[in-house]
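See the structures that follow.
You will see subunit A twice below: alongside subunit B first, and alongside subunit C after that.
Let's look at the complex of A and B:
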C-alpha cells in the first residue's frame, strides 16, 4: 500500500455565473513513502487545483466531484474538518507558492512555529525553542532571524522559513506548490538544493508542482505530466528525459538547451490549453500537437501502460505497438514545433552596429533619512557600457544587483548621481538626465519599455486596438484609417494573426505569451532605437518563453532596434543577447560576448549564475 | 539569427491551418455590469423599487389625480375615492403632493449625487495620482477640512443666507458638503492603481497626465465610482428631505420634506392626521432602502468574491 493513493479523482468548479468546468479529470496516481514525485504542466493545466484537492483545501465553487484520496490507509476524501485538523501539518504539510502571503505579517516567525508545534505535539517552553533552532539550522538561516517579523526576511529566506515550518513536525508527505516561482535563479537553486538534501535525510514524500521541467527533472524520482486536467504521462525522471512518450512532454523538454553549445535550439509549444468548460472531442492536446494523426481528433486517448510508465497518446502507443517499423515511424525524442535557434556567429556581427546610447561611469546613490541618521545605499557603482543598433545587450544579475536602477536611469525615470548617460539620437548627443516634461516625452519615442508582468502592463479596461493606437496617435499623429492599418500591421508583426480578431479583444482574453507580444507591439509602435526589456519572460511558463525570445530576436534583425535585455537567467541571455554584462551588487563584474562569458567565466559570481541554470541533460 | 517559426507540419493541409491560428478564449470575458448587479436578489428588489419611483416621477401629471397646489378641496378630509390619502389643513390633496414630491427627491438625488461624485473624483484622483507632492498636500488638506466641518450647520447657514432658495441651490449645497468622504476613498484607490505597469506603459506612449488619470486609470475603478454615486445620491435625497423638514427647502415646490414640514407646522400629529405625517416618511424610507439595496449589487462589481454568495 502506498502512502498516498489517488484514484479517479475529479474536481469540478461550478461558479454561479459561468459554465461549470472540470479542472481535474479522472486522475489516478500514487506516491510511495519517501518518494520524490514531480508534477509539471503549464498554467491552467489544473496542477495547483489537484494539489489543493489533495490537501482538502478546495474552496467554493470548487469541489471533489468523483474519486477518492487515501492517505496512509485513511480515506480523506470526505473526512470531517475536525479529523483533518489532526492530520494536517503533522502528516501532510505544504509550502505555498507565494512566500509573501504564507506567513502572518504581524506575528514574529518564532510565534508561528510555536503555534504549529504546540498544537500538534507535547513539546512546550524551552523544548519548542530548541526545536525551532534545529529547524533554522536545517534550512541554514541564522538564529537571529527567529524573532524577526516576516517582512524583515528576504524572499528567499521567507521561503526557507516556510519550508522549515512545513517540516516542523516531521510530516510523512509535503506538497511543494511552485515554491521557487518569483525567486531568482541563484536563490531558487539554493532552496531546491536544500529541499533535496532534507528529503534525502528525513525521507518524507514530496509532490513537487512546477511548470519548469528543468528543476523537476533535477529533483524528482518520478514525474507526472499534466495537461488540461489530466495526467498525460507518468515516467521515472531518467526515462522521461531519455524517452519522452507524450508530445507535450517533448515540448516541455524542448524549452531547455545547453547554453555552452555553439548553436542553441529551444522549442516551444504554440497556442494555449483548451477551455475546459467546453466539451473536447478527441485528445485535448491535438490542436497544438505536431505528431497528430486523424485518430487524435476523434478518440480521446486513454492513459495506458507504456515503456517505463504510463502515457495517454495514440501516436506513442501505435509507434510502440509497431515497434517503430510501421507507418507511424520511430518514436521521436524532440518536439517538432517551432524553434528558436541562436548561433555564435550572429553575435559577432551584431557588435559592429552604431552606438545609440552610452553609459559613462554612472553611479547611483540612494539616501534615506531615518530619524537622525542618513543612510546611503549605492545601487549602481561606476557602470560603463554602450548600446548599439541591432544588438541585444543582456544585463544579468540577481535581484538587488542594481539592474532595474540602471534601466530606470536609461529610460529617464531616475537620474544618475555621478556620471552621464548620453543618447546619440537624431538631434545630436543629448544627456538623458537633462530631459524633463516635453523633452522626456520626446525621448520616450526613441526609448520604449517591455515589462516583466504582461498581466499588469496592459490596461484591463481597454481594448487592444486602443492600447496600440495611443502611442501612434501621440507620437506620429496618426488618425482614422491610417491609424487602424498601422495597428493591424503591428499585430501582424508580432504574429497575432489575423489582426482583426485581436483589435477588439481585451488583454485578459489572451494567454500570457500573447499578452507579452502585445506589449512588444506597443513598444515597437513608435519605431524606437532602444527597447528596454525588463525580465520579459520571467513571469511566463517555461514552455512558451522561447516564443517571446524568438520574437525579440527577430525584431533586432528586421527593425534594427537595440535591446537592453534585463534578466537573472543566463540561459535566456545566451539565447537572445550578443553581449552580456554581469552585475553584482551594483558593480559590473564581467562584460563581453555572451558565448565567451558563458564558456569561460572569469568572475566567481558569473560561475555561480551559470551553475544555477537548471540543467536536466 | 535563424528563426524557424513554422516547420513543415504547420504548412500542410487544412487541419494544420487551425494550429497556426492564434487561439483566443472567450471564457475569460467577465460579465456585463448589469448582469452582475441583476444577479443579486437584493439589487433586483432595489432596481424595481427605484424604477417604480422614477416612472411615477416622470409621469406625475398622468398619475396624480389633482394639482398638488390646488387648495380647493375640503380641508382635513379623510381618505376617499377622490382624495386617496385625504387632504391637508389648507385643503390640498395629499396623494398628489406625494406623487409630485417624488420629482424633487429624485432630481436632487440624481444631480446632487452626480455633482458630489464629480467633485470627489477630480479632487481624489488628482491628489492620489500626485501622492507625496505639494499638489496632493493641498488637495488632501482641503479634503480633510471638508471632512471635519460639521455639514449640517454649514448647510443651514449657506441656505439661510442665500437669496434664492430653489432646487438647484439645494443640489449645489448638498454636493459641496458631501464630496469629501468619496474623495478620500478614490484617493486611496488610485494610489493602489497608479504604480501598475500599464500606467508606466501609458507614460511611455506619450499620454498626458490628465488622460492617464481619467482615461487609463478611471475605467479600472468604475465600480467604485458607481457605488460612490449611489451612496451620494442616497445621501442627497435624505439631506434634501432633512433641509425641507427644517423649513429650509424650496418653498415654491412640493417635496416630501416640505410636506413633513407643513404637517409638523400644522400640528398634524396632535390632530391625529397620521396619513399626512406617516406617508411621506414611509415613501422616503422605501426609496432610500431601495437605493441601498442597489448598492449591494454594485458591491459585487468591485468584489467578485461576493458574487458566489449573492
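Let's look at the complex of A and C:
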C-alpha cells in the first residue's frame, strides 16, 4: 500500500458565468512514503487544482466529481472536515504557489507556528519556542526573525519560513506548489537545495509542482507530466530524460538547452492548450503534435504502462509494441517543432555592429532623507558599456543589483550622478541627461521599453488596432489606409497572424504570450534604435518564453535595432544575448561575449549565477 | 513609535490650522471683524444688532493691536477656554452653555457608535463566514432595505409608536425632576430618555459596517493565508476570528473615522426630533436665534471632534496593522 493513492480522480469547476470545465480528468497515480515526485505541465494544465483536491481544500465552484484519494489507508475523498482536521498538517502539509501571501500579515511569524503546533501536538510554552528555533535553523534563518511580521521578511525568507512551517509537525507528505516561482534564480536555487537536503534527512514524501522541467528533473525521483487535465506520462526522472515517451514531454525537454554549447538549440511547442470546457475528440495534444497519426484525432489514447512507466500516446504505444518500431519508426527523443537556434558565430558578427549608445563611467547615488539623517545608496557604480545595432546585450544580476536603475537612466527617466550616457542618433552624439521637452520625447521614441508584466502594459479594454495605431499616428502622422497597412504589418512582424483577425480583438482576450507580442509590436511601431526589455519573459510559460525569445532574436537580425535584455536568468541570456554584462551590487563584475563568460566565468558571483541554472543533463 | 508620533504630530498641525483659519477668515477684510461677521451671517441689509456684535467681539477679540498681537490674545483666550458670551443665553458664556449639552451628545453618540460598530462587524463577519446561508441572506437583504431609511424618519416613527401610542418611553427632554449628577434617579431618567434616540441611531448605523465587513471578509476569505490556515487544520473559530475577521477589520477601522462626520449629521436631526438636550438641539437653537458665537464654537468643536476621531482611528489602525506602522515611519 502506498502512502498516497489517487485513483480516477476528476475535478470539475462549475462557475456561474461560464461553461463547466473538467480541470482534472481521470487522474491515477500513487506516491510511496519518502518519495520525491515531480508534477509538471504548462499553466492551466490543472496542477494546482489537482494539488488542492489532494489537500481537500477545493472551494466552490470546484468539487471532486469522481474518483478517490486514499491517504495512508484512509479514504479521504469525502471525509468529514472534523476528521480531516486530525490529518491536516500533522500528516499532510503544503507550501502554496506564489505563497508570498500565505502568512497572516497582521500577526507575528511566531504566532503562526505556535497556533498550529499547539493545535496538533502536546508541546506548550517554552517547548514550542524551542521547536520553532529548530525549524528556523533547518531553513537557515536567523532567530531574530521569529518575532518578525511577515512583511519584514524578504520574498526568499518568507518562502523559507513557509517551508519551515510546512515541516513543523514532521508530516508524512508535503505538497510543494511552485514554491520558488517568481524568486531570484540564486535564491530559488538555494531554497530548492534546502528542500532536497531536508527531504533526504527527514524522509517525508513530496509532490513537487512546477512548470520548469529543469528543476523538476533535478530534484525528483519520479515525474508526472500533466497536459490538459490529464497525466500523459509518468516515468522515473532519469528514464524521462533519456527516453521520453509522450511528444509533449519531448517538447518540454526541448525547451532546455545546454548554455555551454557552441550552438544552443531550443525547440518549443507551438499553439496553446485546448479549452477544457469543450468536448475534445481524440488526443487533446493532437493539434500541437508533430508525431500525430490518423488515429490521434479519432481515439483518445489511454494511459498505458510502457518502457519504465506509463504514457498516453498512440504513437509511443505502437512504437514500443512488439515489432511496432519498424512500422512506425524508431522512437524519437526530440520534438520536431519550431526551433530557436543561437550560434557563437552570430554573436561574433553582432559585436561588429555600429554603436548606438555609450554608457561611460556612470554612477548613480540615491539620497534619501529620513528625519535629520541623510542616507546615500549607491545603486550603480562606475558602469561602462556600449549597445550596438543588431546586437543583444544582456544585463544579468540578482534583484537589487542595479539593473533597473541603469535601464531608467538609459531611457532618460533618471539621470546619472556622475558619468555620461551618450546616444549616437541621427542628429549626431547627444548626451541623454541633456534631453528636455521635445528632444526628450523624440529620444523616448528611439528607445522603447518592454516590461515584465504584459498584463499591465496594454490597455485591456482597447482593440489591438487602436493600441498600435496610436503611436503610429502620434510619431509618424500616419492616417487612413497607410495606418491600417502599417498596423497589420506590425502584427505580422510579431507573428500575430492573420493580422486582420487580431486587429479587432481586445487585450483581455489574449494569452500572456500574445499580449507580450502586442507590447513588442507597440514598441516597434515607432521604429526605435534601442529596445530595453526588462524581464520580458519571466512571467510567461516556458513554451511561450521560447517564442518570445525567438521573436526578439529575429528582430535584432532583421530590424536595425539594439536590444538591452535585462534578466536574472543566465540561461535565457545565453539564448538571446551576444554580449553579457554581469552586475553585482551596482558594479559590473564581468563583461564579455556570452558564451565565453558562461564557459569560463572569471568572477565568483558569475559562477554562483551559473551554478543556479538547473542542469538536468 | 514613529508612526504614532507622526500621527499625533499631524493631528496637532491640523488642529492648529483649523484654529488659525477660524481666526484669520473673519480678518481677511478690512474693518471690525465682529461687525463683518455678523453682517455676513445675518444678511447684508439686516440691521446691525449691537448685542450681537458685542457677543461676537467677545469671541473674536477687539480689532486693535497688530495682527500678531490679536492672534496672541486669541490663542490665549482659546487656551483658557474663553469662547465669548452666548447671545441667546446672554450673559452666559458659550462654554457654559455647551458644557450643559456636551456630555448628552458625547455619551449618546459614543455608545451608539461603539455598539453599532461591534454589532455591525460581528454580523457582517458571521454573514460572510456563512456566505449564502439563510442567515446571510436575511442580514444582507435586511440591511439593504433598512439602509435606505433616514434616521430622522425612523426617529419620528419610534416617537409615534413607543412615545405617543404605547407611551413606554418619554418623548422629549433628557430628564424630569431629578438633579443632574451621579445619582440613581437621574441616571435612570437619563437612560430612559436616551433610549429612543439611541434606538433611532442604532437601527441605521450598523448597516454600513455590516455590508462593509461582509464584503472585505468575503474578499479576504479567498486569500492564501486563509487557505493555509484551513490546511493547517485549525478549528473554524480560529480561522474565522484570528485570520479572516482580524484582517477584514482593518478597512472598517479606517471607515469608522470617516463615517463619524455623517453620524454627527444624523445625530443632530435625531436630537431635534426628540428634543434631546444635546449639542444637536443646541445647534438648532443657535441657528434659529442667530447666536453666532455659539454656532461658531459648535462648528469648531465639531471639527475638533472629527479630528480626534480620526486620530483615534489612525492610532488604532497602527495597533492593528503592523504594516502601517512601518510603511509610513
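Operating definition for what follows: the second predicted complex is superposed on the first by the 610 of 617 C-alpha atoms of A that agree within 3 Å, B and C clash if a C-alpha of one lies under 4 Å from a C-alpha of the other, contacts with A are read in each partner's own complex, and residues count from 1 in each chain.
In this text, a residue touches a chain if its C-beta (ideal position, glycine included) is under 8 Å from a C-beta of that chain, and two chains touch if they have at least 3 such contacts.
Not measured: the values here are computed from a predicted model.
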Superposition on subunit A - do subunit B and subunit C clash or fit: fit
Which superposed partner A:557 touches (first subunit B, second subunit C, both, neither): first
First, second, both or neither for A:96, with subunit B first and subunit C second: second
Partner chain in contact with A:471 - subunit B first, subunit C second, else both or neither: first
Which superposed partner A:182 touches (first subunit B, second subunit C, both, neither): neither
Touching partner for A:508 - first (subunit B), second (subunit C), both, neither: first
Degrees between the directions from subunit A toward subunit B and toward subunit C, using C-alpha centres, nearest 10: 30
Touched partner set for A:282, first subunit B, second subunit C, both or neither: neither
Per-residue contact with subunit A, leading partner among subunit C and subunit B: B
Lowest inter-chain C-alpha distance for subunit C and subunit B in the superposed arrangement, angstrom: 7
Contact footprint of subunit A on subunit C as seen in their complex: 223-225, 227-235, 238, 242-243, 246-247, 250, 320-323, 326
Residue numbers on subunit A that touch subunit C, as the complex places them: 55, 57, 84-90, 93-94, 96, 99-107, 115-116, 119-120, 149, 151-152
Residues on subunit A engaged by subunit B in the complex (per definition of touch): 15-19, 60-61, 270-272, 275, 277-278, 287-288, 290, 292, 297, 336-343, 346, 411, 441, 444-445, 448-449, 451-453, 456-462, 470-471, 474-475, 495-497, 501-502, 505-506, 508-511, 514, 519, 522-523, 525, 550, 553-554, 556-557
Interface residues, subunit B side, partner subunit A - complex: 1-7, 9-10, 15, 18-31, 35-36, 39, 196-198, 200-207, 216, 219-220, 222, 307-308, 310
